[in-house]
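The structures considered in this document are given below.
Presented sequentially are two complexes of chain A, the first with chain B as partner and the second with chain C.
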Partner chain A sequence: MSPCNTGDNIMTDATGPMMAADGRPLKASLNRALRRQKLRALALIAPLLVFIMFTFIIPIGQMLFRSVENQIVSDVLPTTVAALENWDAETGQAPDEDVFYALTQDLMVAVEKKQHTRLGSRLNYEMTGISSLFRKSGRSVDDIGEVYADQFIDLDPRWGEAEFWADLMGAEGLTPDMPFEMHPDVFTTFARAAPAYAAFAATIASEDGDDPREEEPWNSVYLALYEDLKEAPKFTNAPKGIEIMSEFAPQVVDFETIDLAAEFADIDEDWVDPAVWQTIQTYAPEFTNGYFLNSIDRQKTPDGAEWRPEDEQIYLKLFWRTMLMSLAITGSCILLGYPVAWLLANLPMRTANVLMILVLLPFWTSLLVRTSAWKVLLQQQGVINDLLVWIGIVADDNRLALINNATGTVIAMTHILLPFMILPLYSVMKTIPPAYLRAAKSLGATNWTAFWRVYFPQSVPGIGAGSILVFILAIGYYITPEIVGGTKGVFISNRIAYHISSSLNWGLAAALGTILLALVLVFYWLYDRIVGIDNVKLGG
Partner chain B sequence: MTVALTAAEVAAKKDNLWGFTIPITALFGAILGILAGQAAGLGILTGLVAGLVMGAVIAFVLCRFLPRRTGRWAAIIGFAVLGFIFGQLGGALAGAICGAVLGWCAYWLHSGDYRAGVPPYATTRQVLWHNSFLFICGFIFFFLIAPIIIIIPLSFNAQDFFTFTPEMLALKAEGFSTKHYEDFFTNQDWLRPMRNSLIIAPFATVISVTLGTLAAIGLSQSHVPFRQTIMAILISPMIVPLIISATGMFFFYSKMGLWMEDTLGISKSLSGYIKVILAHAALGIPFVIITVTATLVGFDKSLTRAAANMGANPVTTFFKVQMPLILPGVISGGLFAFITSFDEVVVVLFVGAAAQKTLPWQMFTGLREQISPTILAVATILVIVSILLLTTVELLRRRSERLRGMSPG
Partner chain C sequence: MTKATDTAFVEFDRVQKSYDGEVLVVKDLNLSMPKGEFLTMLGPSGSGKTTCLMMLAGFETATHGDIRLDGQPINNIPPHKRGIGMVFQNYALFPHMTVAENLSFPLEVRNMGKSDRQEKVKRALDMVQMGDFGGRRPAQLSGGQQQRIALARALVFEPELVLMDEPLGALDKQLRETLQFEITKLAHDLGITVVYVTHDQTEALTMSDRVAVFDDGRIQQLAPPDELYEKPQNSFVAQFIGENNTLEGVVQDIKGETCIVKLDSGDIIDAIPVNVHTVGERTKVSIRPERVEYDKSRLSADAHTLKAEVLEFIYMGDIFRTRLRVAGTDDFVIKSRNAPDQTRLKPGEMIEIGWLAQDCRALDA
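Coming up: the complex of A and B.
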């Protein structure tokens, strides 16, 4: 630290009377100077802080938010979710007609917006098979209600005209060049058909840029209309469309009807399986701890969180393996780094500087270069195996499997992270006076006692700093395990990358990432407490 | 000096040629003999016996009749000739190495140099431990450097193999070729990523160096509120696992890219570069902060006050007084930021599109999917680049230390 402290300088600059040179009280003047100094420092830091916030902290924060976010279910199936609230999974029965009616309406919109496959894959993480269920239903859902559409058009051909529907539902005084708008009153008259039609109008307008005045409504709107007319409520006042309502209501009583649950069961038996509905109900809330439970091998059930079946438990094992391998790497780094750092710290400066290059060169060499070197060296037909066969230690048909397993990852990563251990150790050992060891020996200590009781305790801070740094870096490694780790030597990072780019289960990836980040931050905090972030050294 | 002398005296006093030097050199010879016998296909036993005998003979002849320098060259040449008879050029090289090791070993043991590092009163066990320790350290240095060095000869392989072919081991010219380098310099699959890397890294470096240096100067003032927290935030890109940064940036930057294309009307390719550059700049910042802060610790603030005293305004003071003094730190910070961006693959993999494919990305795909020997040529080039960078940084560090030595810190 610099011995020049500006605080002292202010004092010396303004010593003398209790008034500063400009006649203000010294105390106020000092405070002002201090405040200005703080502001100037902050102004210099601010651009970078803002930059880091926007390019780094906020993106990570948003990513973390994804681990609890679950809006897709309630976004895609809003009315179904609402209708499901009254359903009790304990009965072991599929939900009633109301839920299936809501599902028809929601699914129709979702299919047009192509959201149903996304919802399907989201729910598939929780129950296998839902993805194909939604895809299959997406192809057939527009047939539901066709029987009503046919009967309405048979009754009165006007029902098949887009214009007639638009007049019935649309606001007054709409000109063709104005965008279509619903009349507010029809929502009272047609409690079901109006929202269904509104959804239809909004969807085709936003998805295909179509005008509802030119398109015949979906079959699901006819279904909704039938439901309205069947009940034929009596109104005291006369809102819009009441005459249509009273005209057709008596005529629908002898319509051929359908059973919605049966229709869905026809598409796929799974729709009458209470387990499917239970999954939808469980994951209906906008926020969920489901991803986190998933990432520690538990799952949500109606009775609370439970362990997943034994054969599906992978993440805790993976976390455990990541920790163990990081510890193994840290351990081997200490074993290999300590003697080297000791040698460097005790050699004459000139020799030490030359040897230091051997430590710094790997540090400066591209990670990809070092990883490819290990990939080349460790292969079954690689240099190390060739050498061992050549010397005769290993038989040619029994070459060592050094790559695509945990061994490969540990060897390669020890090599890659070793400089991060040697450099902090070296800088700590440089500060230990060699006279201490000599003094201990001259007082009668053996070499071992002198080292273990005198030197080693003083080098512990270096071991701590190096170990935490190596451990932090190791636990989040991705590239090297991906290339030399195969399936047995991968870390949790590789699983996160897999969920981001292959399985597209982003929520689970975010939850796993949050846990990993939390782990790393704990160690970062420890590092800050023990070593201090300011003392991170790069390259000696 | 005294130690070396005494050690030599001790060795001279009891001429331990028969009891010490010859058996141990013979042991080394036996080990080398086993290896050589195995390699030449003579069998372990033959190699062992031959090595034992040769080690003993070498030790006796060299220590008794030849001065050190001549003796060592004689051993090297003798063994090289022997190797050449058995295995031509490759054999000669191996022989020369064996000769050098045995010759050095014989003199090292006989002259008592092996005790040079320990006090004269050290017991045999202590001497043994001391030398084993040096050997262990040697192996660790070998472990550190060998993987990097070994890919250099491998990259000149004439075959598409990743190991030394018999032609290469025999040092025959047809075993080597520069065809992987030709592939690198003619293949668009490699040249385009190279160009992308050379576009992205400098821009990212400029951003991180500018903002990082300013902030480091701010942080090194004596009164900074929340200094610890700010520092923790600014260093965090180095600590947070890359995969997490990459994931976060993946979501955020794809939205930002859409916004840039739709609202600002920037072309898709340009917005792709901007995204990667911003991401890499963020990753490089901790390195700039750390190196520049370290330089500023030794900066004498009375120099800026002196400048101000003589009438320089803060901007002049910064550029004329402070900047030249901290420049070595700033440049090494910049080199760190450059190598971070130039070497980065996880973030660009997630944030970039195929048009922004960088060199490490191409290497990564190459290693994962169709491993092609051109990777070794690229790796060799990158090793040379890193040697150059390392040299620059070392020189700058020394210069910085000299500069700091001049001004009372």
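Coming up: the complex of A and C.
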């Protein structure tokens, strides 16, 4: 046995763990002692943590979640979505009456809740025209079923009374001061009218604060009632309204009827277009990969994902361009920044400080001002072109297009991001003692060999840190490409901004953003594999 | 001076150096070294010794004068063509290369074939007893190991001249002593010429064939270690090298090899006139602490003696160090060997001290 083990035996029980002086396990004692420290550390970062959590992590998480979220279709058109399940888009026919019946009921509720326009906008991303279809239908859907309402009231004026309906559908023993409640059994008696009436009751209560006992039902409820009664059911197990219904049911057979599909076609021809229904069916699930497919220029079809038509493909091209241009910007930042950083690190302190201020100067100027300045400099009648024409390098009728294209974006962004390259490079170079270069030369290396084999490898962590900073900043840059990029120099972030603020397709914006984030992470990972993240030094 | 060129391997000829055009850091430096010599440049910081080394290496250019290597002026030859090995204070091992790559670097830039390189690297590593460390990175080595590698790297391309700029400055005392010995031995075995810069006089005395003591941009004395210690040419060298007692006075009489100095306290002592030439000249007299005697029986009968009061007695193990008040100064120190028959002086005791005239040197004031 080693002396070490002997020592352990003194401190430990024959079998148990190490004990503290008071007889408790040492581990527990240590944890207790450290807990206070840990709590204090946590308390110190807690404000920031909470702040970040509520202003950054949660909103971003929600935003990203929008890229797959698609509840709106099944929320607004629940029964329609259910009825559509049996419809096969392959037939090339519009769906049957059941679907249109469900649509009538869903749409009524949606119109009252003013949700149909939102749904319309949502589906419009997938098929142009659906937005106006829903808006138009919203104005007319309450007429559907009016013919039944009139006939029921003709049959018996009580059908036009709110009180009568409420008695029929309401729970027993309801007093006027109690909120309206459905009788549980009517759902079996009136398979369609009861849900329709329940939806009516709930909607007017929640939207307008109205009591169904005072409001005449919607026409869609009469439609539902007709649907229940037309098959002349035998009301055997229903507690309420049996007597009444036995009286009405036979007469309903003689009602004038309507064709729901035709009614909707009347409102808008598009309702009998299978493509519209196909879109609704495709986007019925609560979660969708549709936004992501859109982000990579594909679209959902009943047969799976498909490429969009050539002339509608923009996102992959934009992603590709964003990456290439960010790489170009990073490259030019390295080329321009390296010598400056070298000077900064090797000049005497006083001169270096002046130079450092010049490097930092752009940081103190508004980004917009700098970008606008580039606009002045780079335009065809701008300073740089004037100068080139004056020198005679460029013909006056052949001025260079330096702005509103990729060149403009690269030039302006290189200028703006240059400090992010120079500063990490400088801080790394500052730590490389000049003795290394001297040592290399004393060993026989020429200036170039000494630089390339000895100095440069040691400055690579600075290049790495600068590159990762510049590249990640560039790939998500928005304002500069927006101003100087024209159409050929914009980035994916400009498209995201467009979807956030103009087209309001937040789902697509979120999907594009998620892909961008994933790209950055992939690059980070690649970078870690190739350069090694331990090699990145941002300071000392 | 220029006549010495025939045998000189390294030669500084009237070299001056100024960084700002106003102050000369190196003033009129003349130095000539034969092949195979181990020469140390010793001096306080700012004395110009490192500047001299850097001029020799080619990292600084001389403002005036010639530097010659093996008879050829090298003023206009860039450092990488001089073929001078150099060891730096902080080793300057390339951190991104392994030890073997570091050693291979000077051979690669000389376009040496791979097998030759490997063989030379191995030999160089074995030479500094670091044969198993070729695959390591410099950061994985201790200070002493790094220093050995730096040494091997400076030697691997077989330069005839190796410069060392305070190479042991960052090491602890014991390691420093070991490496001092190793470097000296290696230099002699390989027959290389070494210029070594240090501010540590022990290092300078133990390692060198000759030591050049720098102060104020000039070489104050260039001599073998024993001569430097025992026969300092001026009071700076006497003060700078080893411990020294200084008494100030006026030359009263010069008789050939000896002179008589009247101290400011009025006491009269014997001394050798080193750089005093006229009677009445002020002088600083230098006596080494271990050459002072207080046992009268060991002094010659006609020797001048001084009265002294013991102020402090320090027991240092191998020696005793006693501080005395002599001729008006409080910091007169004597050192005596810890021998069985040695008396241990007590503070307050009054004694008489004296020395042999040849141990007492009258230097410049």
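In this section, the second predicted complex is superposed on the first by the 429 of 540 C-alpha atoms of A that agree within 3 Å, B and C clash if a C-alpha of one lies under 4 Å from a C-alpha of the other, contacts with A are read in each partner's own complex, and residues count from 1 in each chain.
Going forward, contacts are C-beta pairs under 8 Å (C-beta built on N, C-alpha and C of every residue); 3 or more make two chains touch, one makes a residue touch a chain.
What you see is a predicted model; the values in this text were computed from it and never measured.
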Exercise for review: Kindly classify A:L42 by the partners it touches after superposition: chain B alone (first), chain C alone (second), both, or neither?
Suggested key: first
**Study point:** Per-residue contact with chain A, leading partner among chain C and chain B
**Key:** B
Point to revise | Partner chain(s) touched by A:G444 [first = chain B, second = chain C, both, neither] | key: second
Review point. Should A:M19 be classified as contacting the first partner (chain B), the second (chain C), both, or neither?
Key: neither
Exercise for review: Considering only the touch criterion stated at the top, classify A:L517 as touching first (chain B), second (chain C), both, or neither.
Suggested key: first
Practice item. Check whether A:R453 is in contact with chain B, with chain C, with both or with neither, and answer first, second, both or neither. Key: second
Review point. Is A:F51 in contact with chain B, with chain C, with both, or with neither (first, second, both, neither)?
Key: first
Exercise for review: Applying the touch criterion given at the start, work out whether A:W374 contacts chain B, chain C, both or neither, answering first, second, both or neither.
Suggested key: first
Exercise for review: Quick one: classify A:A435 as touching chain B (first), chain C (second), both or neither.
Suggested key: second
Practice item. For chain A, give the residues common to its interface with chain B and its interface with chain C. Key: 447
Practice item. Over in the complex, which chain B residues touch chain A? Could you list them? Key: 34-35, 38-39, 44, 126, 129, 133-134, 136-137, 140-141, 143-145, 147-148, 150-151, 154, 161-164, 207, 211-212, 214-215, 217-219, 221-225, 228, 230-253, 278-279, 281-282, 285, 287, 290-291, 293-294, 297-302, 305, 332, 336, 339, 342-343, 345-346, 350, 360, 363-364, 367-368, 371, 375-376, 379, 382-383, 386-387, 389-390, 393-394, 397, 409
Check your understanding: What residues of chain C sit close enough to touch chain A in their complex?
Key -> 57-59, 78-86, 88-90, 92, 94-96, 105-106, 109-110, 153-154, 157, 163
Check your understanding: Which bits of chain A are touching chain B when the two form their complex?
Key -> 1-7, 9, 34, 37-38, 40-45, 47-49, 51-52, 55-64, 66, 336, 339-340, 343, 355, 357-362, 364-377, 379, 381-383, 386, 390-392, 415, 418-419, 447, 472, 475-479, 482-483, 493, 496-497, 500-501, 506, 509-510, 513, 516-517, 520, 524, 528, 533-534, 536-540
Check your understanding: What part of chain A is in contact with chain C in the complex they form?
Key -> 433, 435-436, 438-447, 449-450, 453-454, 457-458
